[in-house]
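Think of it as A, B, C, D, E and F in the order they're written, each chain with its own count starting at 1.
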Amino acid sequence: MYEDRYLEEYELGEKRSTIGRTITETDIVVHAGHTGDFFPHHMDEEFSKGEAFGQRIAHGTMTFAIGIGLTATAINSKAFTYGYERLRFPTPVFIGDTIHTEIEITRMSDDPKRPKFGQVVESCWVKNQKDETVLFCEHILLVQKQGNE
Amino acid sequence: MYEDRYLEEYELGEKRSTIGRTITETDIVVHAGHTGDFFPHHMDEEFSKGEAFGQRIAHGTMTFAIGIGLTATAINSKAFTYGYERLRFPTPVFIGDTIHTEIEITRMSDDPKRPKFGQVVESCWVKNQKDETVLFCEHILLVQKQGNE
Amino acid sequence: MYEDRYLEEYELGEKRSTIGRTITETDIVVHAGHTGDFFPHHMDEEFSKGEAFGQRIAHGTMTFAIGIGLTATAINSKAFTYGYERLRFPTPVFIGDTIHTEIEITRMSDDPKRPKFGQVVESCWVKNQKDETVLFCEHILLVQKQGNE
Amino acid sequence: MYEDRYLEEYELGEKRSTIGRTITETDIVVHAGHTGDFFPHHMDEEFSKGEAFGQRIAHGTMTFAIGIGLTATAINSKAFTYGYERLRFPTPVFIGDTIHTEIEITRMSDDPKRPKFGQVVESCWVKNQKDETVLFCEHILLVQKQGNE
Amino acid sequence: MYEDRYLEEYELGEKRSTIGRTITETDIVVHAGHTGDFFPHHMDEEFSKGEAFGQRIAHGTMTFAIGIGLTATAINSKAFTYGYERLRFPTPVFIGDTIHTEIEITRMSDDPKRPKFGQVVESCWVKNQKDETVLFCEHILLVQKQGNE
Amino acid sequence: MYEDRYLEEYELGEKRSTIGRTITETDIVVHAGHTGDFFPHHMDEEFSKGEAFGQRIAHGTMTFAIGIGLTATAINSKAFTYGYERLRFPTPVFIGDTIHTEIEITRMSDDPKRPKFGQVVESCWVKNQKDETVLFCEHILLVQKQGNE
């Protein structure tokens, strides 16, 4: 799983896609218990019948955590997470949906404060089985330049 | 827990603070299992001894999910999450740290596409027991204006 | 979530009601694993088909733990749990039932051994989506009297 | 694990004792997530330092659920739970405590409404490694009389 | 649950059978999270529709862990696990299957290196509700001979 | 994560090694709850003090499930698990140990009943941070030969 890559080895427009995962009722119950968010939109089937989607929906924080978790397949010791931008949830995730994440490098730039690093922006589209985007976000990585050990 | 508030009832500069929660080894193991991210930075004590922080650190997605989960204490049927911006992780969370979240309304604006709603930005500082910020982010809410049922 | 109240601020007949929560198969599996009670009434669908209710039923200890957990919304530093009385389970909880808890203060009295405290009895009815009581119990609180810091 | 016993086979004064189990930080985190009770007495080490016991304490509902769970070793198809009485928590359970449950049949009586059954009261003392009682309760069983199939 | 038995008290051909347990979607999600194996055969309903069995299947390691776990009902301080042989998975376990384990002592022999012990082989057949074997294995125990304290 | 390989692409003597993972108290509590095996050797710190190892030890089934789970990094649609042989547990796993798995292809052979497949035996050594083997086993794969779609 170790795959060291320096900034120079990343390329704008580079794409990858993850395996899929079905979001289960278990995941929602576990996420509520993990975060303490037991809002009825996620946990109360009767309440949800009267809401816009007619059923329980996944927590946004869970779609994010699992959607990003799916991308964690290769460990690059030259890179680390700087932050995330523009999280949006265009479509809800329902119990039984199967999601995967598509990633594209959409921006690369110098980092003004860290001359030995550059910023790599991975745009992430978490999609369901109907190819609808359930989460969009930008994952900003700081990646070391070559020759800076 | 139900507390309906319209846009007009939010106020710029309004602040609130959550209860605290100690982040345990259990939380990290649960989060790895929930998301599938078993990177050694979170899960391998021996590996982590040789890294910058000398110990396992929490997943950023967990700090976010729990930090935001702590704020989920009142259900406002007039508001929903539009997205999150500017997630930053200035300090890592270690096993045994106790975190809480401080919230301040730092921006309010019309929503160009939805005349019946306005945007409310809650800036969130998740802080540890030393008052260090471990996560900053902006939570963007869409809140209904009065008289628009 | 902090809401300090002295004995004098409680009132006989006072009522409140919690949000609801759908009891899932996950909850039963988690409760079995948490308590070690894997009796087939809770865990074996084939066995349960031949029993009185024709399906798996929730553990009584789970209905109690979740039913009481639903009431934990405000932290009163002047009160603590003395005990519980009269736990009864008039109707079983099935997978997919949605429960909530209704609370009424049904008794208040001095505590013979603790002159600075009084007893407040919260009667709790945990009810399902058909308004059937699935658990009744009395939660006995010891609450500090004013002027006794 | 099946061990059918009719009312006539129970005896006043009969005693048994369970195996032990160490209560871990994991158990408390799991119980909070299972019940939704994240009160700082259980979950916030910093807060707990300033409280009476100086550390996090187990939820009463957990001590009950695990203490009773430990007794679930033999399935008697002739008996079922009628209810519980007199739950008391004389000593808190701390992380690292090892508990077991001691049971004694302390009352047997007819059931006025169910002539084919009798009531058997199992008094339960959940004890820690110092032999202190952390939970007392009475478990009331309804047990079928012989010759009433 | 304590039931001490020396080697001389085991008998070739001795049989026992466990209680049953329904394997739920929760179990599969928990096992993936516990082991880190999120292969789509277990976790992705869409992917599984196109595979040989048309649905998600349980991890072999889970069928083994739960199938053996079901046998853990009596603690014999004179015996311990030496190993397992011949694990085979003739039929997959699907969500909703109910399994139990049948055990027969199929071999007993001296242990060449440990004169105070003998080997007892428990053949285990984990079976589903259709009486199909989903796992076969041999559990090899080392059991102390009498008079060797 | 998809990496199709036919039988002809496997090589005797081929080796790989996984990332590491620290086994926590949480893992043991989760495994007990997952399998129903609450034997005091795993769950009772007081009992374990008086046993050979002086502390709680991991379940053998957990060492196996996690040790094998660590190897699940590449999905080969041409291979599937036939079974496991010779599971041995030369050293116990304690809370806090960090394990990883080393794999070597130690046997390859035709499968007498399936002419389109061959058997590949991956010998697995799960090792702790002291390089002691905590589990040995042989994982038998059936791998498709080229030209047999």
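Please note the rule applied: a contact is a pair of C-beta atoms (placed from the backbone, for glycine too) under 8 Å apart; a residue touches a chain by one contact, two chains touch by 3 or more.
Remember, predicted model here, so these are calculated numbers, not experimental data.
S.K.: Touching both chain A and chain E: give me those chains, sorted by label.
M.R.: Touching chain A and chain E alike, sorted by label: B, C, D, F.
S.K.: Between D-F and A-B, flag the pair that has more C-beta pairs in contact.
M.R.: Between the chain pairs D-F and A-B, A-B carries more contacts.
S.K.: If we define chain centres by averaging CA atoms, which chain lands farthest from chain F? Would you check?
M.R.: Looking at centroid distances, C is the chain farthest away.
S.K.: Looking at where chain B touches chain D, is over half of the residue numbers used by both copies, so same, or under half, so different?
M.R.: Different, since under half the interface numbering is common to both chains.
S.K.: Please determine the option from A-F, A-C or C-D whose contacts repeat those of A-E, over half of the contact pairs being identical by residue number.
M.R.: Of the listed pairs A-F, A-C or C-D, the one copying the A-E interface is A-C.
S.K.: Please compute the C-alpha centroid of chain B, do the same for chain C, then give the distance between them in whole Å.
M.R.: A distance of 30 Å separates the two centres.
S.K.: Rounded to a whole Å, what is the gap between the Cα centroids of chain C and chain F?
M.R.: Inter-chain centre distance comes to 43 Å.
S.K.: Can you work out the whole-Å distance between the CA centroids of chain B and chain F?
M.R.: The separation of the two C-alpha centroids amounts to 38 Å.
S.K.: Quick one: chain E and chain F, Cα centre-to-centre, how many Å?
M.R.: The computed centroid separation for chain E versus chain F comes out at 15 Å.
S.K.: Where does chain A touch two or more other chains at once, residue-wise?
M.R.: 19, 21, 25-27, 30, 33-34, 36, 38-40, 75
S.K.: Could you tell me which shape the graph of touching chains takes: line, ring, star, complete or other?
M.R.: Looks like everything touches everything, fully connected.
S.K.: Provide the residue numbers of chain F that touch chain B in the complex, in ascending order.
M.R.: Interface residues on the chain F side: 19-22, 24-27, 30, 96, 98, 129.
S.K.: Could you please specify the touching residues of chain C with respect to chain B in the complex?
M.R.: Against chain B, chain C makes touches at 1-2, 18-19, 73, 75.
S.K.: Report the residues of chain E in contact with chain B in the complex, numbered from low to high.
M.R.: Those in contact with chain B are residues 30, 32-34, 36, 38.
S.K.: For a test of understanding, state which residues of chain E touch chain F in their complex under the given definition.
M.R.: Against chain F, the touching part of chain E is residues 21, 27, 30-31, 34-40, 59-62, 64-66, 68-70, 72, 75, 81-89.
S.K.: Quick check on the complex: what are the chain E residues that touch chain A?
M.R.: Listed in rising order, the residues are 25-26, 29-30, 33, 38-40, 43-47, 56.
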